[in-house]
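Okay, handing you the structure first.
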């Protein structure tokens, strides 16, 4: 029964994507629904099963590790699959308003959307290094396809830059996989973990794979493509890009450094990754302070918030792992809400230049309120999920005496407050001179409510962390001090 | 049945105004009747619920709501006697201020947004009052910052944004220190609840060095909102907010939250003996005294009425810190009871300032000449309030100053009386000229912006002001009465200093 | 030893010609020649499957795609890109030398540390016979690691949809070079078309025992499609009719349905029951990938009969 | 017997190589496109024929020989058509640019 | 496959050349060719490091490279469509790095 649920997570969206491509007109809605609706059910059952057993492994095609590919569902991938499903469904609901399945742009949007969520589930489940390469490619192609669905010139330019860098990243990653396969004779990540020696070759393979993945995760020095891509993407696409696609690459870096090379003592490497994260936080926030477009501010905020995920390395420990994973979850929800709200502003007011948005809160109170709510979680202010993550991160940083990281987390929070309130101040200001912007297009309640729903989910994450953190604790490989 | 009530009552009390806020947002701008009735109903309901809880607490029960966020970390609302003091104050004053605000904002825009965030602020204040441990306290403390920001920004013009930015910089900046301090404390002690007399004492911790650092971190965190000396700059600038906001928030809710935090810190976390052994009480005492004098001196030089009242608040709130820092039961009584008295008097003064500005456009002190003839009742209230602040007997202010002085003597810190005397003289120095202008000077030819407000509007404004003045005087006169704040505080203090 | 050096050197020199200096057209031609030499290299290294794949897909189809893209870009005569600043090219040189050194050193170290105990491959060689397949590569692709192949076909499908999204308009007015009006073409097409079909089917069938398989066969079909498009026998259609869309999707769909079907009858997920299933999946993949590559070449949502 | 066959096959292979060499030299030396095409198509096809024959002899199986024959026919076909197309193209380029036929295309 | 060192050096050379051209190439098509050549280099490394198993090339490595080649052609085909579309919408066929680092 476990194999059926896992298969449902991956194959059902892919089949639905094919059907969505083939079926004419209104039937496509059926295919989309059939592709997305069973996912939460399957995952709910699997989470129950995971609660009992702690780890679920299925050999695809019946062949065990070195020969075949193994699917492995543990606490960490379960949390990310849940985030993927929530984003696919809720942001999908928002997309349904702009990309009706029976119209031309919907005809192109939905197959890619289904392939993207299916591919991400496949990536989160897979334990095979080469299979991860294939799923990463599918995720990247589907994401970039979605990026150019509206054929906006800036989006096109950003897409080409993103694709070139992503392909380069994949090549580096594949080079690392080649070395690992050469050394260990197996492609299964958890099997290779035992065999791979921390010698010159082992370290180089790890570095190559990490560099490749950091390009796809847009971590600080290699983040060049993210702002233009996320800033110019269509609303729902920028949400899924920021909330999931970038996170999946960071998830892989965690898998490599904590599972594959878990017991190699590389303090220098861990601190260096931490420093990259710190630089990302500062750089992203400063850029967000000077940008003029709301979506660019939110995009640079993603660059900053990704830095927090890299702080897991210098603060290695169970609590740090729980904290950064929970930050990943709550940031995913909050950032999706922010991007959807920004997209609503853009579509209905025709612009997202800060200068022209004065007094926007009178005409679109719900979306400005969503931006504020999601901002609360991004800042890590209480009752939000971000606060729980920030609290746990500070706790473990203090416990380990990492004063630098305490400082980085706090400064990150303040800078985030700076650029968020800068946006809110303009939105709530009284329109002084600018002409009364016509509220174009029908006031689509659905898109605003979806954005609000995601923001409330990010806040609700602040109240129910216990079960999620218990689930994450089962996945921690290294044991030792919290 | 009662134990079910004991569990859910604290949450209900906190959530009443939150639900009202949500309702007001949904009711929106175009249904004023529904919005106002919803708001008033919620205010009444809250007062009733707080009343019930007061009775329960007096009967010795301790209503407590507990929800475990994480194994070592739980969200606890607990109504002990100290929290009741602050809860009753904010509940009653929320009702009065709502009436005042409805009348005040009759012709303003964005009222739905205003009243929505207004009730969310009161939710945060109620949450602070009834927080059972530092984590819950911090959650509502930050919520207070978030929900007051839109109110300060309400007018949407340039000055209000400058004021709001300074408010944010101060509060969010200090919350960083507060967060580190709280997490460090949780590191040392695990998730402890507030206990009368302080839980650190019993734990017998020996890391005195880190305890001192944590103490100062928390003092900075609470000091911002309590407008202690270096961190007070935001309060005068935040006076650009509309009068009801300045009245309830900057005279009662926000400022009192900081002071309440300091009281919790000294009384319920560290316990006064530990503070004394760590040698922290003297610096805190000096800081409070300096703020008192500094606030009063600056108030002298202000030409704008609300700015003068703001600096007077800066100094008055430090009385509470002073009372707690002196040590000993009597001074603690003085400090805590001043929490209520100062709230009542200061809100009256702000109400009057609001009426002067709203009806006659009088904002500067020199425009006050002869306003007594034009608005007799408001000016009377203003005078009573001002006299109370100076500390003349019948009004509440005198009681707390008396207890503070007696407490200082009892503990052997006579020099504190000098501080009290100096501040009383300064109070007189900056309030009496106003009173003289109001009653004795000839009124100018025409008021700056005379408007013919409807009878209902005037009745609402003046009625609310009269109510608060009456309570302020009543509390002073019937101080001995068992239900008065003074006797309530003496009850609190007896179980702090057995 | 000499042949190794000759081929390796040839590869590097051709790559140099393709990438640096000279006009872009010359670079593309050199790239196609590079693909041919790489085919020889794979053959010499002892992997006929890869040789065929490189020839058909690496050099043939990719070369055709790049050539038609080059032709279209010249028609749009986009603005000539600026030359890179000297500082940038110096930086690039440094990075390139570093990368070459790194990969070279690591490669040599890896080669010297060849333990030869490639467990996965040895296990595969042992379990191959009982799948009834002779060709190990088809065995790995379709039976042992078939999730990779399934996702790979999905990648091709995603690439097609994304390309259609990028090109935008439904109607197929992406330019195609005019068909040369020489009498020679008709006999060429008439003889080549059936021959290619036969060879493709043969490759598919032979794939289970000898080198060959779905991907090489699909590339052949794609080559045939390209030939038909270029000679005007087949033209881009305005909209994708039902059949074309089904053709695009059949590869992924059949693979998924077979995989899920196994679950229904209790076998492990994606387990391949027998040789017939291998052929079914390979045929579906051949059609789907071949059709996708042709449509990507024509830059059109579908194909129609005569082209004006 | 087989020795003779092998020697003969080797000879055929050598002839083929020689023809290829000739074709390449022609490609480099000849001035214009048409003559280059001429050199290429003639020399290489014959070269291919002799190589196929040589390897067919070496393989010794009829099936392989027929396959090699098919390869030769296919190559012949492709060579003629492409040479024809290139020639047409270079002629048309020459008419457009007025120069005499055969300057190699850019 | 008896002289793996030669092939490894060749792969390193191709990788370096590709990277160099990727950085300085003026035309996007040239950059795509560079990516394809670097891909071939990585596949060479994969096959050579996998080494010989029972005398012949490692079957799994060959299958991986075959999958890699098909994915490479899919990615290149999509990239070409993107480049053509970029040329149509923005009229430029190169990604000069300093023109829009984030607009």
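Residue numbering begins at 1 within each chain, and the chains themselves are lettered A, B, C, D and E in the order written.
To be clear about the criterion, a residue touches a chain if its C-beta (ideal position, glycine included) is under 8 Å from a C-beta of that chain, and two chains touch if they have at least 3 such contacts.
Note that the coordinates shown come from a computational prediction; the quantities given were computed from them, not determined experimentally.
Trainee: Steps needed, at minimum, to get from chain A to chain C via touching chains?
Mentor: 1
Trainee: Show which chains lie in contact with chain B and also with chain C.
Mentor: Where chain B and chain C share a partner, that partner set is A.
Trainee: Among the other chains, which touch chain C and chain D together?
Mentor: Common contact partners of chain C and chain D, which must touch each of the two, are absent.
Trainee: What chain lies closest to the overall centre, CA atoms only?
Mentor: Nearest to the common C-alpha centre lies chain A.
Trainee: With contacts defined as at the top, give the pair, A-B or A-E, that has more of them.
Mentor: A-E
Trainee: Going by the average position of its CA atoms, which chain sits the greatest distance from chain A?
Mentor: Ranked by distance of C-alpha centres from chain A, the top chain is D.
Trainee: Which chain lies the greatest distance away from chain E when centres are computed from Cα atoms alone?
Mentor: B
Trainee: Mind checking the centre-to-centre distance between chain A and chain D? Centres are C-alpha means, answer in whole Å.
Mentor: The computed centroid separation for chain A versus chain D comes out at 57 Å.
Trainee: Roughly how many whole angstrom separate the Cα centroids of chain A and chain B?
Mentor: 43
Trainee: Round to the nearest whole Å and give the separation of the Cα centres of chain A and chain E.
Mentor: Between these chains, centre-to-centre, one finds 27 Å.
Trainee: Hey, how far is the Cα centre of chain C from the one of chain E, in Å?
Mentor: 13
Trainee: For chain A, give me the residues that contact two or more of the other chains.
Mentor: 67, 130, 134, 137, 141, 144-145, 148, 151, 156, 159, 175, 179, 181-182, 187
Trainee: Counting only residues that touch at least 2 other chains, which ones in chain C make the list?
Mentor: 103, 110, 114, 118, 120-121, 124, 144-145, 148, 152, 155, 158-159, 162-164, 166, 168
Trainee: Using the touch definition from the top, which residues of chain B touch two or more other chains?
Mentor: Expected reply: no residues.
Trainee: Please list, in label order, each pair of chains that touches.
Mentor: Every touching chain pair, ordered by label, is A-B, A-C, A-E, C-D, C-E.
Trainee: Mind pulling up the chain A residues that touch chain E in the complex?
Mentor: 67, 130, 134, 137, 141, 144-145, 148, 151, 153-154, 156-157, 159-161, 163-164, 167-168, 171, 174-175, 177-179, 181-182, 187, 224, 227-228, 231, 287, 291, 296, 300
Trainee: Over in the complex, which chain C residues touch chain A? Could you list them?
Mentor: Its residues touching chain A are 102-103, 106, 109-110, 113-115, 117-121, 123-124, 127, 143-148, 150-152, 154-155, 157-159, 161-166, 168, 170, 242, 245-246, 248-249, 252-253, 256-257, 259-260, 263, 267-272.
Trainee: Give the list of chain B residues in touch with chain A in this complex.
Mentor: The contact residues of chain B facing chain A are 25, 67-71, 73, 75, 110, 113, 138-140, 142-143, 146, 149-150, 153, 155-157, 161, 164-165, 168, 172-173, 176, 179-180, 183-184, 186-187.
Trainee: Please name which positions on chain E make contact with chain A in the complex.
Mentor: Those in contact with chain A are residues 15, 22, 28, 31, 35, 38-39, 42, 45-46, 49-51, 60-61, 64, 67-68, 71, 74-75, 78-79, 82-83, 85-86, 89-90, 95, 97, 100-103.
Trainee: Which residues of chain C touch chain E in their complex?
Mentor: Touch residues, chain C against chain E: 1, 4-5, 8-9, 11-12, 15-16, 18-20, 24, 27-28, 31, 34, 38, 41, 45-47, 49-50, 53-54, 57-58, 61-62, 65-66, 69-70, 72-73, 76, 78-79, 81-84, 88-89, 91-93, 95-97, 99-101, 103-104, 107-108, 110-111, 114, 116, 118, 120-122, 124-125, 128, 136-137, 139-141, 144-145, 148-149, 152, 155-156, 158-160, 162-164, 166-168, 174, 213, 215, 289, 293, 296, 299.
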